[in-house]
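By written order: A, B, C and D. Residues from 1 in each chain.
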Amino acid sequence: MYIDTLFSIFALTAVAGSLGLVLFRHPMRSALCLAVTMISLAGIYALLSAKLIFLLQLIVYAGAVTALIVFIIMFLNLREKDLPEENERFTYFIGGAVVLIPVAWFMIKVMKSIPEVKNSIVGNGFGSIKEVGQMLFTNWLVPFEIISLLLLVTLIGAVVLAGIRRESND
Amino acid sequence: MTEMIKLFVNGEEVEVESGKNLIDALEKVGIEIPHFCYHPALGADGNCRMCLVGIEEGRPPVVPACKTPAKEGMKVLLDADHIKKIQHDVMELEFINHPTDCPICDQAGECKLQDYYMKYEGTESRMRVPQVKKRKVQDFGGGVIHDQERCVACGRCVRFLRQITKTGELGLVNRGDDCRVEFFPGRPINNRYGLNVVDLCPVGALTSADFRFKQRAWFLKRAESICHGCSKGCNIMVDHNKEKYEDDIIYRIRPRHNEQVNGWFMCDAGRMTYKSENDNRLEECTLAGTVRPLTDILADAQSRIEKASKALFLVSPSASLEQLVAVQALAEKTGAAVSAFSDGYIVKDDGDDFLIKDDKAANRTGVDLLSIAKSRTHFDNMAKEADVFINFDNDLSRSLSEEQIGKLFKDTWVLNAATHPGHLGTAMAGKAGASVALRSWSEYHGVVVNCDGIAQKFVGGVMKNIERPDIVEIAAGLGSPATGAAAAWALVQKKIPALAEFGSFLELPAEGVNLTDNEAGK
Amino acid sequence: MAAKVKQLPSRGGTPAEKVYLIEIFKGMGITLRHFLRNLWDNSNLYVRHYPEVQPNIPAHWRGRHRLLTHSDGTPKCVACFMCQTNCPANCIMIKAGERTDGITEKMPVSFTIDLAECIYCGYCVEACPEDAIRMDTGIYAFTSSNREEMKIEMDEMLSLKGGYTEEEYQKGLEDE
Amino acid sequence: MTTLDIVMVIVRVSISAFVPLCFLAVCVTMERRVAGFVQDRSGPNRAGIYGFRAGGLVQNLADGIKLAFKEDIISEHVEHKFLYVLAPIISMAAAIISFALIPFADTLVLDGKAYVMQGIPWDTGILWFLAVTGFSVYGIILAGWSSTNKYSLLGALRSASQVISYEIPMGLAVISLLIVYGSINLSDIARFQGQNWLGFIPMWGIFLQPLAAVIFIVAAFAECNRTPFDLAEGESELVAGFHLEYSAMKFAVFFMGEYVAMFASSAVIVTLFFGGYNIPFFSTDFLIRNIKPVAFVMLVILPVFMFYFAKWIRRNNRSQYPRENDPREAEATVYIRCFWILIGVIEVFLLAILAFAQPDTAAAHLLVALMQICTFLLKVTLMLFVYVWVRWTIPRFRYDQLQILGWQKLLPLALLNIFVTGAIVVALG
């Protein structure tokens, strides 16, 4: 019972956060709404007994990525007067919502077609770090390594791009 | 162009103007020869011996610089040992009976004895006999206080009163250490230029009763201004200071040298004009009897001008060119009439042939140059037509009686922008108009043209605690195209082409621009 | 004359020092020694227990100002404004006027020192040509609950007495 | 759920929530008194209630009352008032919940049921700490940014970049530890350290992983914005950094957040490297089995300790200047009596255990748990003392030095440590 309640709370805050992300005018508020969404998602992972994902969501997304975004917005030090004029934003929002209605209707339909599953606590080891680690390094070793290579490439690319810009500035 | 000659000072060649004595000639190139009794306006007297200089291979070998004309090839010695000894000994002589009461002497800080002591003597007194006692606080009349002990008997004051004012109230009496300046019994200083002797006195022997003990000279800030007391436009130095927690007030006005206008002097009445700058000033802006911010009043006035069938602006003949032009431009834009009616500013038979003029307005020539009407008939006709009247600091009570003013503006909405209360008399007191407190001439910058057609700049250095607007600002607030001082100056240049070559009014030369040959002569 | 410069040997070059941690531990050892000593027995602190133990004020201590008088009780001050001119805190406000008692011509009409702004540098005492102002009252503690009360007027300063004898004061000036 | 379950939940949550808050007073007093003693001053020793000063603790009360009743100002120029108020709340909340997963005693067995002595009985351990401390950066950023003040902004920039940078060496240092301990569960880690090595060296993290310990402690100092890494506050150039615009209770909350964070990271350091709640050389099992001798030893040691403690109070709690009927001596007498009464109560309790308790009963478990809690708090207090001690010894880093230390020294060292540890663990099987 309380799991359902918790799920509803997390789901609602997640949706509210993502709405705020789009609707707020000031980027700092939007970024903080993103953080709220991230934390709510982490809560939903926790409800799914996915401890590692829960923690990684908190450490990486809520703690590092969003914090970095907030940090950069702070760096830009935007004030009300720096923000662009958006006179017709609500027209766009309403238009966007209207466009999305069929998609939402379709999604609700899909959701309803999924058979109901009873919420229950899964086995003790499920989602723990050991389990996930063993999975990663046995069944998923190749994708795991490929992804780490991809990240390395991104890293080098970022360094190269930053280096080029500095030279052109000099 | 004066002829230049070459001579040697301390073995170095310098080029100076010919036809001058050594003090003046060398001062132009920045070499100072100490002197007490010599003054450029009074000529050489040669009694103080402080200006003795050596002439190498000359006969005599030591001459007073004030009486020696500069000659080609002259070899002047200033730092030779014997000249230094002479200067040192003369200073020691002056100090024998001088009471070193600098702490209570008003001259301290601008005293030649102090300066020369630091530069040429700097030793302790060797005198062991008591100093000769003389009279301390002696009223010379005309606001001059004399301290006989401080006197160095240079005779500048005596010569001024004999040569310049030709009244000759003072004289040097006795000889030796009994020598002193005295007036003839029962005939103290009694002329309209008497306070100039205070400036002339190189030491603190003559001080002004008006300025006495008010401030120390080194606290005073100086602003180079033009006297607004009459149309002569004497160059003055406004000495003002803002003491802690108090308002910025002017303590005295001193003449500033300008050979073209006033020479070295000014009249006593002009010196006292500072009092009206300090006291009895308008402080508040009111609209219909209540204190309101300036912007409200200007907005109200602007809407009234737009609605009015005819508006009349009255400017002051003492206003600067910029202010006149700003009001004129406003009138052109709104279709209003401008008048500079100010017959009351002229005081018949008050002037003399030296500095004082009949016309007590500082910029009447400027009014004429800008062709602003100033006749009584024009003013009366316009006043009858107008239903909005704005007075820009013209003291109308000088020209018209209260009943006349009251009658003229019976049904007119009046905005009175003024520095002092009472410009429209008490007739306006009960009337629901508006009044604005203005900045006075010691607080704004500008250019005025004197009676001889010489345009002179003046700088207002006084910063009052109460922020008051300038006429240019008010005109701009009412919609004048001259939106600021720079724009007003550009308009002035358009109307008076002789001023067009100066980028800003600050670029006007210190001695002024003579417009006589151009527009003013017409 | 060259300025006195004490050359200290440059530190931090040896490998042991470059690791930092060793030096940090050395420094922490020093502070720990002080801490333990004082924790064991706190009677060795370099602290004056102020309100109970009053400091001994030497004669050249710059305390609250006073204005000196001649033997007949008239102020020595001649309102020369030297103190006001030299005051770096701009806390002295004098108004001068005519003096009628025949001693000199000029005296202060009002002489105010804003003690809230005074920095007790003593320049006014040094600048005074008449020895009319001194800071030898020995009063070092004065407080007020508003700024106005911190302004002291001429009468109050004239009525204050010096805290030391003339000999002590002169000796204090030499010590300074 | 039985009543016992509910009582245990309340006890555990209240310990993990209130102990850090109570230690605020200890921290602040210690900060000021240690600073005083290190500099041969005395620190706050005046504020008292009827002359009772409790060694300076009453000063905190005075400060707290002052801060609570001060006018709470939000400046006109603060545009985002909500975020401005949110900032101190975030930093305080993050600090408190980061303590939630730290075990303060060994698993307590009552009525055959095991109770994990943590605020939240969850096994994610150190990762939770890393995740939650990451949030404190939001508080700093929001405070600095929403204050609309250049000093605050600069302070927040420094502080945030510092916290983000030092999280990396901290995490890497933890990884090498985890390789050794084989678990991320802090309870497991603490239990692991209860063992002895060769019979006499406790298997503490500091002995197993000295390099990781240094890196972690340095990084923890930086995470807490403590000297020598407190250039976010930099009084000399930034006035007070990110909390410059805060006043009254909002400032106090920031301040408390800082000390709670300090307490939590001390607790983590103790748990990871100094054996956690373990009493050195004595494992939990050993203590429970030998409860009677343990109680007897305590019974003897406590009065002896108290005797010397009383002497110390006598020596130091007196006026250092001539004074008639010194009230501070009377004060010391009262303190000493109070402590003796406390000791007396404990003695009675211990006597009861000695007389009636059998090994491996609830009473024995409880006594051991209490002893471990005391040990844990003592260790944490010592670690807090180290924090304070370092602050009053080492001057502040320059900003570039700080980043060089973080990225060029600690990060490679931490990576190296992981490789070496991994190699050794694999080699030893």
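Points worth noting:
Everything below uses one rule, namely that a residue touches a chain if its C-beta (ideal position, glycine included) is under 8 Å from a C-beta of that chain, and two chains touch if they have at least 3 such contacts.
Just so we're clear, the structure is a prediction, and the values are computed from it rather than from any experiment.
Touching subunit C and subunit D at once is no chain at all. Of all chains shown, C has the CA centroid lying nearest to the centroid of every protein CA atom. Between the CA-based centres of subunit A and subunit C the separation comes to 64 Å, rounded to the whole angstrom. We define each chain's centre as the mean of its Cα atoms; on that basis subunit A and subunit B are separated by 77 Å. One inter-chain figure worth recording: subunit B and subunit C are separated by 45 Å, centre to centre, where each centre is the mean of the chain's CA atoms.
Counting partner chains per residue, subunit A shows two or more touched chains at no residue at all. Shown for subunit D are the residues in touch with two or more other chains, of which there are none.
With chains as nodes and touching pairs as edges, the resulting graph is an open line. Chains touching one another form the pairs A-D, B-C, C-D. Partner subunit C is touched in their complex by these residues of subunit D: 34, 36-42, 214, 312, 315-316, 319-321, 323, 389-390, 392-394.
Of all residues in subunit A, those touching subunit D in their complex are 26, 28-29, 32, 35, 51, 54-55, 58-59, 62-64, 67-68, 70-71, 73-75, 77, 79-80, 128-129.
Within the complex formed with subunit A, the subunit D residues making contact are 79-80, 83, 123-124, 127-128, 130-132, 134-135, 137-138, 141-142, 144-145, 153, 156-157, 160-161, 164, 167, 184. On the side of subunit B, the complex with subunit C involves touching residues 101-104, 108, 136-137, 212-214, 216, 218-219, 243-245. The touching residues of subunit C, counted against subunit D in their complex, run 21, 24, 27-28, 30-32, 34-35, 38-47, 49, 52-53.
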